[in-house]
Structure formats: C-alpha cells, structure tokens
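Same chain, two partners: chain A is paired with chain B first, then with chain C.
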Partner chain A sequence: MPTVRIPTPLRKFTQGKEEVSIAGANVRELLANLEVAYPGIKERICDDAGAVRRFVNVFVADEDIRFLENLDTAVRDGDEVSIVPAIAGGR
Partner chain B sequence: MSTAPRAIDPGPLPAGEALAQHLPRPRRVDSVIELVGNTPLLRLRGLEADCPGVELWAKCEFANPGGSVKDRAALRIIQDALARGDLHDGVRLIDSTSGNTGIAYSMVGAALGVPITLVMPENVSAPRKQITRAYGTELIFSDPMEGSDGAIVKAREIVEAEPERWYYPNQYANDSNWQAHYHGTAPEIFAQTEGRITHFVTGIGTSGTVVGTSRRLHELSPSVRCIAIQPDDAMHGLEGLKHIPSSLVPPIYDAAVLDDTLWMPTDEGWDVAERLAKHEALFVGHSSGANVAGALRIGRALAAQGRRGCVVTVLCDRGDRYFVPLKWERHYVW
Partner chain C sequence: MTAAEPRYVVLGAGGLGCPALLGLRMAGATRVDIVDHDRVDASNLARQVLYDLGDVGARKAEVAARRLRAAGIDARAHVRRIPLDRPEALAALLDELGRDAIVLECTDAPALKFACNDALVAHGGRGVIGAALGLRGQAIAVQPGSACYRCVYEAPPPAELLPTCAQAGVLGPAVGSVGFFMATLAVALANGGADEAAGRLFVLELGSGIIRPLAGRPRPGCSCGRAHAPAACS
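Moving on, here comes the complex of A and B:
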C-alpha cells in the first residue's frame, strides 16, 4: 500500500501518527480511504467541491500532483504521498 | 548646417509635489539600516466603499529596505545584542525563520558586520534561499513536514550542541522584538493619524507587531481597540501567521494587551490579497491580505452600526516574495 505522510496540523486526526498506509489506485481514492480511516481529515485537505484546497500541496513521489494528473494521478504500492501545507513557503 | 535650439521645458510639478517638497523627508542617510521604520501610512480609499464613514489605513511595511515589517524587529534585536555584548567576534547569530525575519537579519547583519546562520524548513521558496544567501548568510534546512516549529526545534539543538559558537536571539521570546514596535510602529501610526486611530488590527506571527504596537497604542489612547488576527485552523495557508491554539505559544505573546481576536479563513485572506492587487494596485503577501480582510470586517461592522472609525492595519511585505515555481522548475527540492 502507498504510504501517506501527514503534516503536523493534521496529526490530531491520525492519533499523532506521522505516516499511515492507505489503499488507493489514485490520489482521489486514496483521499477517500484516508477519510474512512480518519474521519474529518479530508475536509482539511479538500474543499466542498472535492478539489485540493489552494493552500495545500499533495506530492506523489516528490512530484506535485498539480503538475501531474491532479486527483487522477496514479499511486502505486510503495509510493510515498505527502500532504504539505503551503505555510512554510512558496509552493 | 545648423540645428534650431530645442526648447527644454521640464513641465509642471507633479500634482502634490509642491507640498511634498515642504514635508520633512530626511532621505539622505549614512547606512541602509537608517531606512528601517518611518514607513508611509496609505489610505485604502477603494476598499472604503465597503464601509461608508470608516477610514481604512495601511502601514506600508514593505517599504522597509529588507522588504518587510521584520526589518524593525531584526534591527532592534541585533542592536540590543551588540550593546549587551551577546554578539561579539567569533559568535554567529542563529535563528529559525520561515523567511522575512531571515531576510531582515541578513540585511542588518551585512550592514553591521554580524555573521548570520538561519534554520528554515526545506520547503521555503527558492527566492527566499537566494535572497538570504545573497547577503552572505549561511542556511541550514529542517524537515518540511514539521513547519516552522520544526525549524525552532532544530535551531535549539544546534545551539545546545555548541553554545559558545552562537547567539540565539529567538524572535519568539525576545523583548527587543515587541519593543521595536512599541517604540516605532505605534508612535508612528499615532502621529500619522493625528491621534484619530480608533482600531488597530493585525495578524499574529511571532506576535511582536501586535503586542508591541497594541501595548503602546493603549498607553497613548486608552480608547483604541487592538485586535489580533489568527488563521481559523491549524491547517492554513496564511504564511507568516500563527494559529496559537495548535502552536508553540510565543513567550512574548500577551493576550492582555489585545481587546479581541479575529479568526481568519485562508480563502478570505487570499481573496482580499487579490483584490488589493487588482483594485488598489498593492501586490502584497497573503498575511497582508488577511490583515486588510480583518480591517474590512471591522470597518463593515462599524458602518452597519452607523459608527465612524479610523481603522489601521499593516501591509507586511510584497507579493513578489511568494512567486510560485514555473512548470519547468517543478523538480525543485522539497
């Protein structure tokens, strides 16, 4: 399963865990399954329409999904998916 | 062959220039650090349509030579440390910073001959790294997943390992930080509004600006309302602002000098930043957008009650500090 790295402000949803293993063939499925496992976390990452919020960056294997296929970006077993708030600097 | 003499007409004085030439503008200085502070106060007339009867003013901190409000704190922190003897030969200043304070330390350090080392999350934008390095500053990176708190922790570890090598000012706990605003920003605003200020509102980063300015404004005029702005959630995109309930609380933070706190969604701050650029010709950062969004909320509330007011906020820095990487630069390091 892919590994998802959780940023500090969202670890209150993951019982403090920095990394969690979540199934999903693409980022959309992965975020949906993340919400099932940790209820409440998805609305901090995505807006009401389901798009990743403007100030949140999602990386699959160090590539920003905005430069890939966005939520349809494929995720493979062993990939590391990082959710990074933009607060520490430019995107 | 002869050419007719060309009439040389310099044209009329620009509007307002005749008056401006009689105002004190002592802009002939010996050092760049003398350009810190005494920033202009700008009226946001276009936005005042949202709140008839209420004046909205913004302190143009982007006009500081390092480009941000942080020049004030950095200058006083370094001057006070030199005066105390905390900074001397063989000692480097080290601090954690997500950007503007680092640029300010780097500028002041270069001006006063003080070597600077900065710890910052690795995901700060490339221009930030380039600007600080241009001044000769040494950079050490912390985990991008840990944000600014991670940089604080790493800076502390480095200092504890070799305490004799470093002066660690810790802007979050350094009284020089808020004192810069107590002695600078506040009396400047009071004089520039001729004492008419009714509300001061600005975001909390280290809390130095809001605490120092509010403390002095309350002394100058007890009726002034001083209001802080915080992001409405721990997961936010208002860079430079701190969500206190989920953060290490800055020791200089003093809620007793604040009359109220506004909780600001990222989208509201970003939208006002865009509005400022398009309609006020002010291309400023997102923290400035959040600050003006807060001023607008106060202005609208006053106008709804039929009250007048003079609301002052802070434009922390310019928007060009936050350019996103171009698509072909996507392999930047995170």
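Moving on, here comes the complex of A and C:
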C-alpha cells in the first residue's frame, strides 16, 4: 500500500502517527480511504467541493499532483504521498 | 565593504529571525536591515538567542541590530508594525529599503508571507520565505524566473485552520535549524548559486532528519505569471 505522510497539524486525527499506510489506486481514492480510517481528516485537506484546499498541497513521490493528474494521479504500492499544508509559525 | 556586497532585509527578529541573522553573520554578511515592532519578552529567551535578560522590554530590532553592529556588521533597525491587511505597506517598505536587497521573511504571519512573495515577484526581487511549527519547517527561495510561494500555495489558510506555535508547540533547535537554513538559501541567492534550489519548497522534517525538496515549477495560472517567462508560466 502507499504510505501517507501526515503533517504535524493533522496528526491529532491519526493518533500522532507521522505515516500511515492507506489503500487507493489514485489520490482521490486514497483520501477517501484516509477519511474512513481517520474520520475528520479529509475536510482539513479538501474543500466542500472535494478539491484540495488552496493552502494545502499533495505530493506523490515528491511531485505536486497539480502538475500530474490532480486527484486522479495514480498511486502505487510503495509510493509516498505527502500532505503539505502551509504553516506559519516562527516567533 | 563595497556597494556590490549583498544587502539583506530580515522581516521578524523572533524564533526564525534570530538564527537567520546569526546565519547571515556566520556567512560574512556586511549589510543587514532588521524589521520588527515587538519587544523582547522573558519567554522568548530560550530560542531567540540574540537576546538576554537585560534586553527584556527592549525593541527586538534595535537589540538585534546592536548585536550585529558589535560584530562589525552595518545593521539597521526598523521598528515597524506591518499591517497584515495591507500588503502594499510591505511592498512600500521594501521599496524604501531598496529592491536590490535579499529579503528573509521570518514572521509568523501567513498574510505577510504572501505579501512578501507578491512584492518580490512584482519587482523581480529575491528572497526566502520560511516557517516552523513543532519539529517541522518549510522554506522556499524565490528569484526572477523561479516558481514562487504562491505557485506552491495559492492562498493563506484561514486563521481557524492554522495551528499556532502555542497549539502545536515549537522546539527551539527546530526553529533554529529552519532559520539557519533560510540564511543558507539567502546567501546562495546572493551568490547566484540558488538556481537549483529556487522555487522548490523545502520541507524540513527535523524529528526524522529529513529535508525534502518538493516540486519547483511555476504554476500555470499563478498570479505571478506576468513575472515569469511566458514559456514557464502562461
């Protein structure tokens, strides 16, 4: 299964796990299955229309899915999927 | 010192700004402008290592500039509060300080990160935008022709979805690592050696010891498109 790297702000949904293994043939399926496993997490990643929020990026093997096939980007066993929201700390 | 030596503007002299300033000092920077309106608080001292107990209550920009001047650097303090809802105010400040400077955006305000990016892109400027939270950080170097911060993130997150350092925690050495990394990128920009790094979002997963460079392409439709070469970002 692909591995999903969970950013710090969303780890409260994954019981603190940095990485989780989630099935899915593409990013859309993977996010749906992520929501099943960790309820509440998807709305932090996607808006009401299902699109990835404007302050979040999803990368498959370090490639921005917006430059691939967006939510239809295929994921394979062993792929690493990173969810990377904008952060702003630093004081 | 010569006029050709690079000049740096550091926005925010807190957890990111202090190590970024130290990094610039270590790189031999000779001209630095420091912008911050805040005062030193005793709770800052662990991670904001330019300050000590005797500085509590003093303006951070003024103390930081004094520390750098003591090391022979031409450092100037600018005690300014940049309004978060007026990006043109930051653009005007950068105009005032000189568009040739390399800007390091070290505040904790998302709106300023976007305003800084937009000001850099609009004038063909160079700079580094960074952030740190918990054990994680991000940094991106922007230069003419590269992807920009807005190519990576189209808009700032709403406040209610943005965790603060108070909520997610912040570890001094982690935010320090990000600040030093930002200084490294800024010096690379100054030396013309950042072509490979510029436009890539570096995600620093410091608890895991991983620095991950992500994408680096100008995003079609990005508002910076007018500043990118047409072939790169239409």
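General observations
Everything that follows uses one rule, which is that the second predicted complex is superposed on the first by the 87 of 91 C-alpha atoms of A that agree within 3 Å, B and C clash if a C-alpha of one lies under 4 Å from a C-alpha of the other, contacts with A are read in each partner's own complex, and residues count from 1 in each chain.
The definition used in the following text is that a contact is a pair of C-beta atoms (placed from the backbone, for glycine too) under 8 Å apart; a residue touches a chain by one contact, two chains touch by 3 or more.
From a predicted model like this one, the values you see are computed outputs, not experimental measurements.
In the superposition on chain A, A:Pro9 contacts both chain B and chain C. Legend: residue contacts after superposition of the two complexes on their common chain; A:Glu18 is shown touching both chain B and chain C.
Of the two partner chains, chain B and chain C are each touched by A:Phe55.
Once the two complexes are overlaid on the shared chain, A:Phe67 sits against chain B and chain C alike. Residues 7-9, 18, 44, 53-56, 59, 62-64, 67, 82, 84-91 of chain A touch chain B in one complex and chain C in the other. Residue ranges on chain A touching chain C, taken from their complex, read 7-9, 18, 44, 53-57, 59, 62-64, 66-67, 82, 84-91.
The residues of chain C lying in touch with chain A in their complex are 12, 14-17, 44, 106-110, 113, 130-138, 152-157, 161-165, 168, 170, 175, 178-179, 201, 203, 207-208, 212-215, 217, 219.
Those residues of chain A whose C-beta lies close enough to touch chain B in the complex are 5, 7-10, 12, 18, 44-45, 53-56, 59, 62-64, 67, 82, 84-91. Against chain A, the residues of chain B that register as touching in their complex are 98-99, 120-121, 123-128, 144-150, 233-239, 243, 246, 266-267, 270, 321-325, 327, 330, 334.
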